[in-house]
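Heads up, the next two complexes both have chain A, just with different partners, chain B and then chain C.
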Partner chain A sequence: MEKGKKLQIKPYLYLLPVMSFLLFIFFFGLGTSILQSLGYNSDGGFQSVTMAHYRDVFRSSAFVSGLLFSLRTSLISTGIAVVFGVGLAYLMMRQKKEWRLFRALLTLPVIVPHLVAAFIIFTIFSQSGMIARVGVLMGMIEHPREFPALIFDRQGVGVVLAYVWKGAPFVFLILYQVLRSIHGDMVEAARNLGAGGKDLLLQIYLPLSLPSIFSTFILLFAFSFGSYEIPFLLGPTAPRALPVLAYVEHIQPDWSNRPYAMAMNMVLAGISVLLVWIYHRVFKLFRRHHWEERSQ
Partner chain B sequence: MNIRTFVCMTVVLILLLSVGCEGRQDPETEINPAEMSWEEILEEAQGTEVRFYGWGGDQAINDWMNGFVADRIAEKYDIIFEWVPMNIDEILNKLQGEKQADARGTADMVWINGENFYTAKTNDLLYGPFTESLPNFHGYIDPEDVEVKYDFGFPTEGFEAPFGKAQLVMIYDEERTPNPPVNHVELLEYAKQHPGELTFPAPPDFTGSAFIRNLIYDIVGYEQFIGMEADEDTVREAIAPGIEYFKELKPYLWREGETYPATIAQQENLFADGEVRMVMAYNSNLVAQRISSGMFPETSTSVIFEGGTIGNGHFIAIPFNSPNKAGALVAINDILSVETQASKYDPENWGDLPVLENSKLSEEERRIFDEVELGQGVLPQEVLLENRLPEVPAPLVPVIERIWMENIVE
Partner chain C sequence: MKIRLWKVLLVVTALLFVLPVLMVLLWSVTVSWPFPDLFPREFGLRGLSQIFREGSRALGSLAVSLRISLWVTLLTLMITIPGGKALGIYKFPGKGFIKLLLLAPLIVSPVAIGMGIHGTFIRLGLTNTELGVVLIHLFPGIPYGIRIFTNVFEMVGNRLEEQGKVLGANGLQVFFHLTLPTILPGVISAGSMIFIISFSQYFLTFLIGGGNVITFPLMMVPYIQSGDRMMAASYSAVFIVATLIALVAIERVLKLYYRRSSGLSGVFYTREKR
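And now, the complex of A and B:
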């Protein structure tokens, strides 16, 4: 690779005004949160820096159960969303017809705000919701209450449903384009060499779309791990997902509670960063391993 | 792309950003309303803009603010009145941030009460005292009334003016519940008869929290809480029989008491769907509104405990950095007028109880209130006011909520 090229600074210069504005806001907010979590008194007097609030956070049982709840629901919902989305994208890509309208409808949930998604899931799946009532009408259950409790339950089924409903179409949207762009010459060449459907899928489509699959996974996971509206509206009263816990602590009118809320937020952010980092290493490892295997 | 284009782009960007910082027409910010006569304040406020920030979660209230209140103030005082819906925690955060950054404010009036007033006042976020300057405050309010002097047990000291009153009521469907329970014993019985059909929103929801406190009052009485220290052990001991009751009640509740609706709106949905048999509301006129909108069944009715239910007042305060204090004073004074309080009391608009002292009203003025049609299922003012219990001191509320969460849910 030619190392003689001069580093182009022009693009960075052009981006500078917007970037400095955005970065300033980001780092100012982050900085204030860190300071507050260390006990900085918002009135202006800097009280002693203390890790006591972090200690309180880790000691709280609500925090630990909330962390597990968040991890579980985010992992499961993102996993299901990716599997569904990729599967749908693959099937759709194989079609001869364009199916434009159908595809547009499939991707509608992407533009629906999360609050509305929570309401939709509530209306359909709650014990007095649409499916329960249809079940009674059709005689499958006697009374709406016999319908399984999918919302507000301790497993977070309603939460998972909502995230899958929002996430799968998103994955579909991205992966469909990626898979479509693979279609063509490479596939023809592979077919010429005798590749069957299964080989095509495993040797060509999957490996080439793997980066997109991984990035949509981490995107959805990070978002669902940190968002609070869906677990707040569809989740149980306990365990509360981490973002909900942080929110509840933050709106306490007693402002001496603020450092505790900020510490929780920082821990939440830290865990997210850690997870993304782990993910990144695993992916790198996997890729290297995979390519090494292939080249043998 | 050359340097000229780059400079142009940056200039455009800066221009776009500064447009958002456009100020609005404000009167002189250095006036001191405390030293002015009412006529001078009226003159100062004329032609200005006033912004009232407050909870916007009830569309009926929003409509009344943007309609009746704004129109009347515009007509009478030539003031542009703007209602800005915003959650109180965000408002307080905003004020706090503005105080730290020494920034200009945008809010002239804030709808506030309870723990939030406590926080705002102890952090010097409010302007005052100002209630003594208002003619209608002198004319219609009794300044010695405990509901005017104290807010959740904390002295108001003239920093907030009464806006309205609320009282907790329970709403049942008369058809399904011909004999609604009127104390905690009957409630437990009713829950045992109909397991899985009663619940209430979990804290930090305001109404759910009040319901929990009301049940505790019914079990251990309320007098001991007046002036109680917000010490966790003291509170824990005081409410212990109440916690025992909740533990007993838990298995008969909806979802076996393992989980609760997160918001009062969800609880209302559950009631409307028939999934639960009771809903509660701070607005004693809510049932009439919901019946006429078709959300609740026609046979819904409100009841209170025979031991009384919690009532509180809500207030209007002026932020320390209000850009138009004269306008705020004029607007608040007008909200204390007979016409506005009667309009607010009308269930067609909001149905919130008036704050004017009955003995200070003339025959004619009293008739205006009597003529307000109460609507279906609503308890009359006298019944409510005779069975009204005070709120616990504000700092106790989060302590009670936490103890309940720890013992019952976690």
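And now, the complex of A and C:
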């Protein structure tokens, strides 16, 4: 239908609306942050390009501890959620029945917003929460004060719990589909060749679902690293998670503070962009690997 | 025996994820549930009635939320359906980069983007307006639309559309009578996803809405912060139920549309006869 390799204009036209919107957001969203963090001033332009704001930001202990807090809570919560979700998906896939209701119920945490998730974790794990009440019933504690402070704590246990509760079902839903799509000819063939349950898991299911596991990991990690609601509602005031800290800087009325806010913003965005890059790289790797296997 | 153990494990984990939601629903109809009781002492509808009182701010904010999220869903679908089509059907230079860019909002922190673009929105007069909030809500939903429609168009291709054109249908007719019915399942799942994402936004709404555009999540947060369990639970319950109703409604409306237009031949037939 289309002649030869002539450059087509159609796909670009189709992409025009969504691309112009997104480029607008990225250009102005990241562009102004970069410029201002390097010392650009909307009144006077550049006095001089400077890295001083970044240097100062990295010297501030509030920033460094906030960054570490964000990285740590995101990494731990994502790790637990992925292990949980993948395990559940694998177990579920091995079941003979479909367990429709079970899967429908597990989608609940996915559609429940993060605000509600924060409230749920608060109601269960706070010092007067459900677990503390069970503790009283069992005679382990007498007063709410004696229950360990898991919410608003410096370690961010509450933050981690909330992300796990939201994340694990998400991983489950995606991985269940992926594993189901593997289930079939290849598994049959492996069985015929004498593979046991463990072989199937390690030689077939795991390697074939690895790209999906990895991509959900990156998605969840990036989400929990870059979002505001959960650490705002369940996190400690010191250290503050990076998004919360950046927002606090952002609303400072003093304009001389602006470059610092933007420098923090850039670190936040920069780590996200780094993640996009890793995601892209690793996928290229997976794809090459996959193709090699196919061509053999 | 071993199998049974796994089953028990599955059920227990399911409860771990589902019971908390039930607990919220229980709290929403509770008036008194003091420490260290494990069950409510007194049930009542005080929390819920406070939300549904006529002319209450809560009810108003629910309307604002629904309006914003429906606009966001519609607009996001309008830009991601053609975008997904381009990526699903055509091969063209720069495709890899464009794909990556369109999926980037999944990973790039919306907090960073929101604060970065805040100044621009102020200059354009978009802050404190519903329009501004709708626009910024488009950002997080785009990748979901793009992803789903890319997959959908990879599967269905554009043969049917080509045929329609050969038979003399114009662009709009082809879209509404051929393309849309074919991709409907994708429209439903993408639409639901985009709706949920917009409906549960908090940060971007208060950043761009500037306290002027009060959505349901914005009304809810003070109660969560102050630990007012009854009110927070009532809001959460209404939120969850409203989401479910909206999702079912979106699906119903689209299916209804599908049934009406599924006489695929209709439009061409009338053209022929003319």
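Criterion: the second predicted complex is superposed on the first by the 255 of 296 C-alpha atoms of A that agree within 3 Å, B and C clash if a C-alpha of one lies under 4 Å from a C-alpha of the other, contacts with A are read in each partner's own complex, and residues count from 1 in each chain.
Going forward, a contact is a pair of C-beta atoms (placed from the backbone, for glycine too) under 8 Å apart; a residue touches a chain by one contact, two chains touch by 3 or more.
Please read these numbers as outputs of a predicted model, since none were measured by experiment.
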Once both complexes are superposed via chain A, do chain B and chain C end up clashing or fitting? clash
Quick one: is A:236 in contact with chain B, with chain C, with both, or with neither? Answer first, second, both or neither. first
Of the two partner chains, chain B (first) and chain C (second), which one does A:61 touch, if any: first, second, both, or neither? first
Scan A:222 for contacts with chain B and chain C and give back first, second, both or neither. second
Just to be sure I read the superposition right, which of the two partners does A:30 touch: chain B = first, chain C = second, or both, or neither? second
In the superposed arrangement, which partner chain does A:17 touch: chain B (first), chain C (second), both, or neither? both
Just to be sure I read the superposition right, which of the two partners does A:213 touch: chain B = first, chain C = second, or both, or neither? neither
After superposition on the shared chain, which partner residues are touched by A:263: those of chain B (first), chain C (second), both, or neither? neither
Chain B versus chain C as contact partner of A:144, first or second or both or neither: both
More residues of chain A are touched by which chain, chain B or chain C? C
Now for A:128: first (chain B), second (chain C), both, or neither, which partner does it touch? both
Residue overlap on chain A between the chain B interface and the chain C interface 10, 13-14, 17-18, 21, 42, 122, 126, 128, 144, 233, 250
Residue numbers of chain A touching chain B in their complex, please. 10, 13-14, 17-18, 21, 42-44, 61-62, 65, 122, 126-128, 144-145, 149, 152-154, 232-233, 235-239, 248, 250-255, 257
Complex interface listing, chain A residues touching chain C: 1, 7-8, 10-15, 17-19, 21-23, 25-26, 28-33, 42, 84, 88, 91-92, 94-95, 99, 102, 105-106, 108-109, 111-116, 118-120, 122-124, 126, 128, 130, 132-134, 136-137, 144, 165, 168-169, 218-219, 222-223, 225-229, 233, 243, 246-247, 250, 261-262, 265-266, 268-269, 272-273, 275-276, 279-280
Going by the contact rule set out above, which residues of chain C touch chain A in the complex? 6-7, 9-11, 13-14, 17-18, 20-21, 23-24, 27, 35-38, 78-80, 82-83, 85-87, 89-90, 92-93, 95, 98, 100-102, 104-120, 138-139, 142, 146, 162, 196, 199-200, 202-203, 207, 217, 220-221, 224-225, 227, 229, 232-233, 236, 239-240, 243-244, 247
Interface residues, chain B side, partner chain A - complex: 1, 6, 9-10, 13-14, 17, 87, 89, 92, 96, 100, 114-116, 118-119, 123, 196, 202, 204, 255, 258-263, 266, 269-270, 273-275, 394-395, 398, 405, 409-410
